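Shared between the two complexes below is subunit A, which pairs with subunit B and subunit C, respectively.
On to the complex of A and B.
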């Protein structure tokens, strides 16, 4: 059902704030951020369309199954592990960033490492669930959080303190040539479809994606918002001073009627929920990819019992995350993230193109596959009867 | 036959074993007089046998009420279910003469509605089936009989619409019923425990006494389990959203009932999170609220000498014992308990400086919103959920509450009720072919 596709797109595009995307963009605001965003929008949309073709060619098949059609298992393992690491790092960076945010804004007395350990435990529980459960949680979480976030964004747009002059000033620099880093950062906003590397397993053979034109429009709007609103509130120069630019921006807003006055609390709580969901999905993806490297039986999308391998793999992820937070401080994290986001963009482009090429070859293969399945089915049915 | 039955049973006065003789025949009759309607025994057996207007042998053969029972191993059970055993010419027949003491046409007590059927299911299976069949007059209605309990051998009926029922669900239920092996079943609640996972936090089966709920569930393709001696039926599988849906929602004004459903969800969120939020906001994040509100909360707490979570535990202990007491007490004293308790909770505790007045409001909101949930077993389950949430609130404040709520969400989404997703928004679709997750099945 197409709505699950859009849930992923919406989640990832909203989550860009946690991966320092607005910060990176604002650093390049005079040096080609806008052009990079435009390029990213085009490239991201093109990649998404290519990947939709892949989804149509191989319904009900995740990345491991698609790769397995074309190459022997040992060759697929490195590809899968690289992809798994990409998802793992995305989630871990988000969680680390949020544990620091909690330390800054909610509990200044609690060590961020302790909070991170607790978050890891929660996400360990969530990520080990079945794929079907993960996607249900995504749905519920988004339905609860997104209306409130949209309301806050609406408030931001309507605020009299929003300085449209600053926004106009920055938009005058639209004609500077694009750069790699802001391009990679803004490409992240468009990558929600990538979660269907694994979630494609859930799709039924007659899956049809409707309203696919909505993806680029929504993502571009989110990208523009997360870039321009902070500039509008903090000015062309001031916006570059903050690392957690959106938390500070939301703190400039006030809800004058209600129990809660400062918008930042609502904003952070909603984003905490979204980040947990994002981390859950990321770890789940990584876990499923690593699990498909193991010499094991067929994959189940909704097993009655959680296999022990789930716990082992996700436990390893949690340990890696905590170790990362232990060894690297915030500044190093920022530096690593800005390099990682470029690497991630490369992996995204290469992997999607690769899978797309496979899908072009795949139509013939698929026919063979279908006919093979039919014959085996026919062969099996007399036995059953 | 009589000797055999005599040895089978323990010394019991109500076991009646008779050998009768008329001009041509000798019959043996065995029954447990306390379980049977003796007038039925005399109408069907004793009178025709002695009057001899028709040959008694033909009568037994023609009347379908007499059924052959050839297996001597079943004699004991048959007698215990209120049958009369009759031996004639070396053949044994059984006759149903059971007399069951039950409440006559009871009114609904647990799940009341304003407009809607007021009669509830009966404690006797036959009456219950009567009620269900008369409301669901369809030839598709299937009724399967089984017994559960190795000692109690309680009769149990599976009722479903043959056309609409999900075959996999039905298969799962049958397999589970085969597997359960507890000795005794007297209430549906015990059956619910043996059928489901007893450690789960949310009920996966609905227990109800309302015939209209039962019939609409059958229409939805669900399976109903009725147990002899209990006026509650089990509906399975059920989803979380079924539990928050009162039957009135289909009878009353459309917009108001939608508003009430929304209100129920808010109430559930409040009753689960409010104690934890109180702890978190008092002890960690008082700056969350606007300044005036924070000041008034802090002011009301100024007389309280201990941390907020102690206060929460005191008040929750009080309110839970109050609810428990009003359930357990005889009806005549019950109102006294609530009055006294309400007075203590409302005024004295706050004036004595034991708890803040805000905490009293929190407690009553928690209790009242809990009573909004229409189905009793869900209401009890939700009552528990606020306690685990207080623990992360004590250690991590408001972010801890969010972690806890997230865990609950994942837990709910992970539950399956007989293979059906338990917590899935917009999951009701007629065509399943294009749904997610149909590939691996």
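On to the complex of A and C.
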């Protein structure tokens, strides 16, 4: 079902705010942010297209199964661990950033660590569910949140307080050469397809992705929005002062007749939901990848009972997240995030190119693939299951 | 498995206790600050005099039912003053509903930048709170108790917001807009001047600030012109004098745009102002007169007023209209662009084209 693909794309692109992408871009607004965004749009789209080819070559196969076709198991373990760590860190940074936001805006007297522990508990439960359940939760969550977020973005664009002169001023700096950090940060917006490293297990062999041209358009619009709207509301200079730039930007909107006058609370609630969903998916992916490194192989996508290994692995993730929040303060977190986002971009480019090369040799493995197909019963699509 | 589930459930249940216990404070144990006044400390001492207007909860919502409590404290920093004030009241302060930050005129004339250190950092300060300059000081504004107030602070909210009165002399300024203009290259902050008026407030003038202090105060007429040009305020009027008679047109539709053009090496600001509306006040018989001539009269008089206002701003070296930002927005993105503008603004020429369109003369000829 192509809609599950787009849910992932939408979720990840909307969630860029939680990973300091707009913050990093705005720091580089006079030093090549726009060119970096353009490069990221091209590279991100190209990678997505390459990966779609991979999905077509190996229907119903997650990353572990694809790797297993070409190499012995011990070789796949380091690759899977690196990927799992990438997803784990993305989720953990998001959760940490959000627990700080809750501490700032909702409940200043509760320690952000306490908030984080409870968020981790929720995500632990959600992430240990089966892959099929996870993707259904994603659908429900997005259907609730996205209309409201789109409405708020529409309000922002329509606001008379939005200063188009500031936006035009910054867009005059388009001719600066691209830089690594803003490029890597913008690339994150285009990475929603990467969740299909694992979710591809759900796809049926006759899976066809329609409207794939919509992905780059949507992601580019979101990227432009998350960069230019804060500049329009806080000016070319003022925008660079804020740490949680989008929370402050949402506070500049007013809904006089919307029950709550300050948009920021609606906005934060919506993003709380999205962040939890994102963390759920991230942990689930990490968990599945680590599980596929274990000797016993559980492949069912919707088992009746939750295996104990799920709890153990996700529990470990939760402990790591809380420990991270305990040891690093806000400033260190921001610094780590800005380095991590570059590392993540490298891993993305290398891993997608790697599986693409594998898929080129995939035809030779077709026989093995087909025989495998016949013996397993799990490659069902979510709607057919 | 079952044990794990029960443990999780128990933990979740415990979470409610945890959140209620240490973080949350009931509404009846909070003091809602509805306005805050910031003045310089008395007798030239270093620091600030902070005045807070607190809402006293009342079961009734009816005209005159709004009760307030006003508290004042002097300290070397705003944060310290607020902390000290906490020791004078029984409930926790909540700035989440603070809608007005009044800056004393003395402070604004000296240097206002230090107060932003508190306003921008504080998490519970709304970005959509209003900022104004209190005349003669902020404390006197906060001490006003309007008679018609239905609940505490209602008068101020109605005056600044769009729900109640809509005056073309009142230009509401949000805190985020003030901060943006303070930081921006190419536009300077403005703040409305608010003074106590018996049982209410009078807000008719606009103060124009540079990056550190109040430079100019506009007259009510100039304030209206500012509002028309910058905010395209349609709830306004335009006026002209003919043979000693003042004629006033109520604006129905207004549109302005400006651009900065280079003419033979000289920079000219071109402003177009298109206004249409019907007469609100004029001597009998304007119906019979040549409307084209009347319009020409309006055009000429309004254009000269606008030009005078622009010149005044230019001489005070402030740019509340954002001409500099427009210049940056239409020229190549380099450091040099901003430097160029700083050099050319003092010699900038103005070319103002006003086009008034009379739509009717009201009910009589």
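As a working rule, the second predicted complex is superposed on the first by the 367 of 385 C-alpha atoms of A that agree within 3 Å, B and C clash if a C-alpha of one lies under 4 Å from a C-alpha of the other, contacts with A are read in each partner's own complex, and residues count from 1 in each chain.
Going forward, a contact is a pair of C-beta atoms (placed from the backbone, for glycine too) under 8 Å apart; a residue touches a chain by one contact, two chains touch by 3 or more.
Remember, it's a predicted structure, so these values are computed and weren't measured experimentally.
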Touch test for A:311: subunit B only (first), subunit C only (second), both, or neither? second
After superposition on the shared chain, which partner residues are touched by A:213: those of subunit B (first), subunit C (second), both, or neither? neither
Contact-wise, after the overlay, does A:110 reach subunit B, subunit C, both or neither (first, second, both, neither)? both
Go through the superposed model and pick first if A:118 touches only subunit B, second if only subunit C, both, or neither. both
By the touch definition at the top of the document, which applies to A:172: first (subunit B), second (subunit C), both, or neither? second
Contacts for A:327 in the overlay, against subunit B (first) and subunit C (second): which applies, first, second, both or neither? neither
A:130 contacts which: subunit B (first), subunit C (second), both, neither? first
Scan A:252 for contacts with subunit B and subunit C and give back first, second, both or neither. second
Kindly list the residues of subunit A that each of subunit B and subunit C touches, one partner per complex. 107, 110, 118, 125, 261-262
Can you list the subunit B residues touching subunit A in their complex? 284-285, 287-291, 293, 392, 395-400, 402-403, 405-407, 409-410, 413-414, 416, 421, 423-426, 433-440
Taking the complex as given, what residues does subunit C use to touch subunit A? 1, 4, 8, 11-12, 15, 18-19, 22-25, 120, 123-124, 126-128, 161-163, 174, 176-177, 179-187, 231, 322, 325-326, 328-333
Inside the complex, what are the residues of subunit A that reach subunit B? 1, 3-4, 59-60, 102, 106-107, 110, 115, 118-119, 122, 125-126, 129-133, 135-137, 139-141, 143, 201-208, 258-262, 265, 269, 272-273, 276-277, 280, 299-302, 304
Residues of subunit A that touch subunit C when the two form their complex: 30, 104-105, 107-110, 114, 118, 121, 124-125, 160-161, 163-166, 168-175, 233-238, 241, 248, 251-254, 256, 261-262, 305-306, 308, 311
